[in-house]
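What follows is subunit A paired twice: with subunit B in the first complex and subunit C in the second.
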Partner chain A sequence: MNKTIKQGAWLFVIPVVVLVAFNALIPLMTVVNYSMQETFGDNVFFWEGLRWFEQVLNSERFHDSFVRQITFTAIILLIEVPLGIAIALCMPRKGFWVSVCLVLMALPLLIPWNVVGAMWNIFALPDIGLLGYTINAIGIEYNFTRQPFAAWFTTILMDVWHWTSLVVLLAYAGLSAIPDAYYQAAKIDGASRWAVFIWIQLPKMKRVLTIAILLRFMDSFMIYTEPFVLTGGGPGNTTTFLSIDLVKLALGQFDLGPAAAMSLIYFFIVLLICWVFYTLMMKNEQQ
Partner chain B sequence: MAKITLKDIRHSYYSSPTADEDYAIKHIDTIFQNGGAYALLGPSGCGKTTLLSIISGLISPTSGNIWFDDENVTEVDTIHRHIAQVFQFPVIYDTMTVFDNLAFPLRNRGVSEADIQMRVQEVAEMLDLEEGINRRAASLTVDGKQKISLGRGVVREDVNVMMFDEPLTVIDQNLKWELRSKLKELHQKVDTTMIYVTHDQTEALTFADEVLVMYEGKVVQSGTPVELFEKPMHTFVGYFIGSPGMNVLPCQVKNGDVVFEDLNVLCSNQAAASSVSSGMSTELGIRPEFIRFADEGIPVNVRRVDDIGRHQLVHVEHGQHGIKMICPEEQPITEGSANIQFDPSRTYLYADGWLAENSNTT
Partner chain C sequence: MSRWLVPTLYIVFLLLPIYWLLNMSFKTTNEILGTFALIPLEFTLDNYIKIFTDPAWYRGYINSILYVVINTVISVSFALPAAYAFSRYRFLGDKHLFFWLLTNRMAPPAVFALPFFQLYAAIDLFDTHIAVALAHCLFNIPLAVWILEGFMSGVPKQLDEMAYIDGYSFPRFFVKIFMPAVASGIGVAAFFCFMYSWVEMLLSKTLTSVAAKSIAATMTRTASTAGYELGLLAAAGALTIIPGAIVIYFVRNYIARGFSLGRV
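The block that comes next holds the complex of A and B.
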């Protein structure tokens, strides 16, 4: 069969191309441009090739913040995903309390990120903050501006408080979509509570959990505002995650070339991990 | 295996039902004999599924008791009632293989692995599931998935009752016949009580020895397919069973005579006419199969003739009342005026929907 090809159809693609060009391609290419050159202002550029990339990839500073970043993301995923599922399982299925629970769950998600950081900063202050004061009062020395462990503990607690709700809401949506017949059949088949979770609820939640993990991975991997407001990356560099480090490099030291190279590397890491994760999940699905 | 007795079952989905309309199950008093094949037949929303859920213990009735043999199981939970149930839409455990799906009810009850092998093999053979038995169940078609559901229902041999809630709705037409006869075959082999819920009369009539017709939360008639066809106890049964259903025509009772539009009509339960009290609404029921053209009788106007294969379906009109009748294929029929006659032995008088009965006899 001969298909008639109408070249005019390309016209309809133009708006999208323009939009994508302005919000993604052009900014990205600017960064690529910076990453390969050295500038001293006045629009004077010197070609540097891949030197900045080599420098960043070989720098201990980048390695350290990368390890901190991966550790942070792994910890919050390990806490937030199981906790979110557990809370979703405990939530009522119908009645008045459903909406109450949902609103309570959604509240932390509605708070602006820098406000979350400021809230937890005050909350955790050892002398006047409720949390900090209480921990010290029960005999544990706690000061997140001085102790690295306390800083990590507070940052993780803050993230768990802020974002577990997202996992809860997604898991709850997944659970609500399971038809009653599955639970009835399981009862008739004599399945235990645990078997129902493993064979019905978890498989049915797989899609939403994939989304939840992806979202939480990306957000936590690029986290900036909250730890910046809470600890400023300190004490020392102990909570300096990749994005904080990047901002220090780009705006603090004004090393535009290395900063551009670093952001491209950063971007590719996120892209790569998401792609690997998603491919694995989808492959698993097809079997 | 057990005889199932339902005593005075009423069920409402409201917490404090008052009016009769609040009840999904108005009043049911029935016995399912051990080893019988029963069908629950009725339109959507008549309480069939609710009744099944009450028997399986997924719902506890608002009032009344359920007995399995001599044991009152009203308060017993689903797992201890030892029942099997298959639902309308396939329920499978996606991440398990076909084999594990079928073995699941057995494994949960601690059956030995050797026995599981044997039983699952047997069921898989019966349902043609052997091929790809080690594949993920999620990869099957809807037909295949429903076969797995059926298989999980029949894999245990020690069940008190097997219940099927419209299990063939999603199955392909050709396969429907096959699976239905498989179920029938299975019933003859294992001798377990089976209850089959459906709104399809063909399915009910081919599967069951006894059909319970449900209507608005009540069992309006139970009996063999022939009884339901020949002597409907309620106009609903007459209308619901048969294709097309029974003609139901308004009539009056005057001095023991049944009068349809100023014409006297003879009924098989004529004697009961005198015991119909004046406030009741009375109707005539006559199946299309028992109406004939005659030289004299009820004058009608022939409106349309449909060829339905081995018969002709004739639509006639008397005044504003449409009447359907079935005539042999070869009979020539012309549109226009004609006369018809009802077979008196197949014509019934109904009062308030129910077959009129002489209060003196039973």
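The block that comes next holds the complex of A and C.
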């Protein structure tokens, strides 16, 4: 749409800017403040410059939780995106049952995150949970509170359960927007199922998939409540992702300086990657 | 018929943990710890009765619903004019502002938990519903602006011009003509604000202690202090699924649009 240039439009935006800035900028400045000072309580602060940043960037603890975070995000993206596309491709295009399916699929997305964690905890307990009991019954030793591999497996399965539907819903919306004429043309050309997917469906889904990947990246990168309730970051530190580590540092040990420095590094990484996605997304939209 | 196989299997996978949660919520603690059974053998409603009669429990739900509703009203009413400006006009810094709003949707709540606590304690709002409602605006206002902008861009500009020619003043045009034209968008934005405020638990837990304690905090406390009351926890969890399950029916045709920040 052709937009009129009108600077007065700022008046419409001011309330939003004020409210969001109040929530975003003041806390952010608090974090910046802490990140450069040392305090021993009583509101006495000492200037520390960039020492905390150096400390965090060089600490093995941060490296470890960062690697865990990247690994987790990569794994769930690699599972959820192809799986979501596959399910969307299998769904029929129209009908009453499709609506029922979509509503049922959206159900996990609406459950409070601590309940998701608690639910999976109950579901995966080795002695009384359906999943844990079944795995043990078929002869595989499984206990997600003791075995790191089992903890990772459960956390990833939980995330797949929780969020694959998002990819399905978006991919399905993209697919429904393809006109029938495209498929008819492909049929006349004798195109294979695979060719239809690569040359018609995938390009048409490009836009929604960019958003799906952006959202899944963002949310998995700041995941906190679900794994915290499920495993508490354990066993040991094996499922301590960045947010869990940060909360441990800030609210558990009250190491405000390093925690603040870590927050800023963390936020900066998220912003950087999201900016790349955003640029891609806007490019797609202009086409 | 084979087309239904994959979606059906997937839905069964989705429903299994929910079924197990419901199963647990109808069992007595003894049965949960003593036997493994696919259906409750000594069916009991005690867990639900406790939640509905103990103020410590049901107040958690009331508190959560209160801040969620306040947040939804604030987010949507603030976002409406802003979304209109983004969809109709170009102005200095509009694109940067739009991205800046989105960055707040990306901010990890863990980063903000402690500073939020200090901020709301400093202005004497700690442990009030309004504090959580305002804090959730951090990600819900950007969400509402994005969704509404998507819907408003679909309304042709001729509508604005016609109303102008007909002599409508701007506020009257906005309320009488424009808002009904984007009514579905407003509904979808409200639904998603409601939902994201309802599922978010870290900030709501950090910002409340007694008077406005959220259901998440109540559940966490039970899990840690009352020992192993899994049945009660399961019943509380099962009840939190209901609000989402009810409202989703109304937005079933717009689910994808809302989840994608209005970009589909």
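Here is the rule we go by: the second predicted complex is superposed on the first by the 258 of 287 C-alpha atoms of A that agree within 3 Å, B and C clash if a C-alpha of one lies under 4 Å from a C-alpha of the other, contacts with A are read in each partner's own complex, and residues count from 1 in each chain.
Definition applied: a residue touches a chain if its C-beta (ideal position, glycine included) is under 8 Å from a C-beta of that chain, and two chains touch if they have at least 3 such contacts.
All values derive from a computational prediction rather than experimental measurement.
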| item | value |
| --- | --- |
| Which superposed partner A:L251 touches (first subunit B, second subunit C, both, neither) | second |
| Subunit B versus subunit C as contact partner of A:F153, first or second or both or neither | neither |
| Touching partner for A:L271 - first (subunit B), second (subunit C), both, neither | second |
| Subunit B versus subunit C as contact partner of A:F221, first or second or both or neither | second |
| Partner with the higher number of touched subunit A residues, subunit C or subunit B | C |
| First (subunit B), second (subunit C), both or neither touched by A:F197 | neither |
| Subunit B versus subunit C as contact partner of A:F45, first or second or both or neither | neither |
| Where subunit A meets both subunit C and subunit B, residue numbers | none |
| Of all residues in subunit C, those that touch subunit A in their complex | 3-7, 10-11, 13-18, 20-21, 24, 32-33, 36, 38, 74, 78-79, 81-82, 84-92, 94, 97, 99, 101-116, 118-119, 134-135, 137-138, 141-142, 145, 153, 157, 195, 198-202, 215-216, 219-220, 223, 230, 233-234, 237, 240-241, 243-245, 248-249, 252-253, 255-257, 259-261, 263-264 |
| Residues on subunit B engaged by subunit A in the complex (per definition of touch) | 53, 56, 58, 78-79, 83-85, 87-89, 91, 93-96, 104-105, 108-109, 136, 149, 152 |
| Subunit B partner contacts - residues on subunit A that touch it in the complex | 179, 181-182, 184-185, 187-192, 195, 199-200, 203-204, 287 |
| Touching residues (chain side subunit A, partner subunit C) in the complex | 1-10, 12-13, 15-17, 19-20, 22-24, 26-28, 30-31, 86-87, 90-92, 97, 99, 101-115, 118-120, 122-123, 127-131, 133, 161, 164-166, 168-170, 172-174, 207-208, 211-212, 215, 218, 221-222, 224-225, 242-244, 246-247, 250-251, 256, 259, 263, 266-267, 270-271, 274-275, 278, 281, 285 |
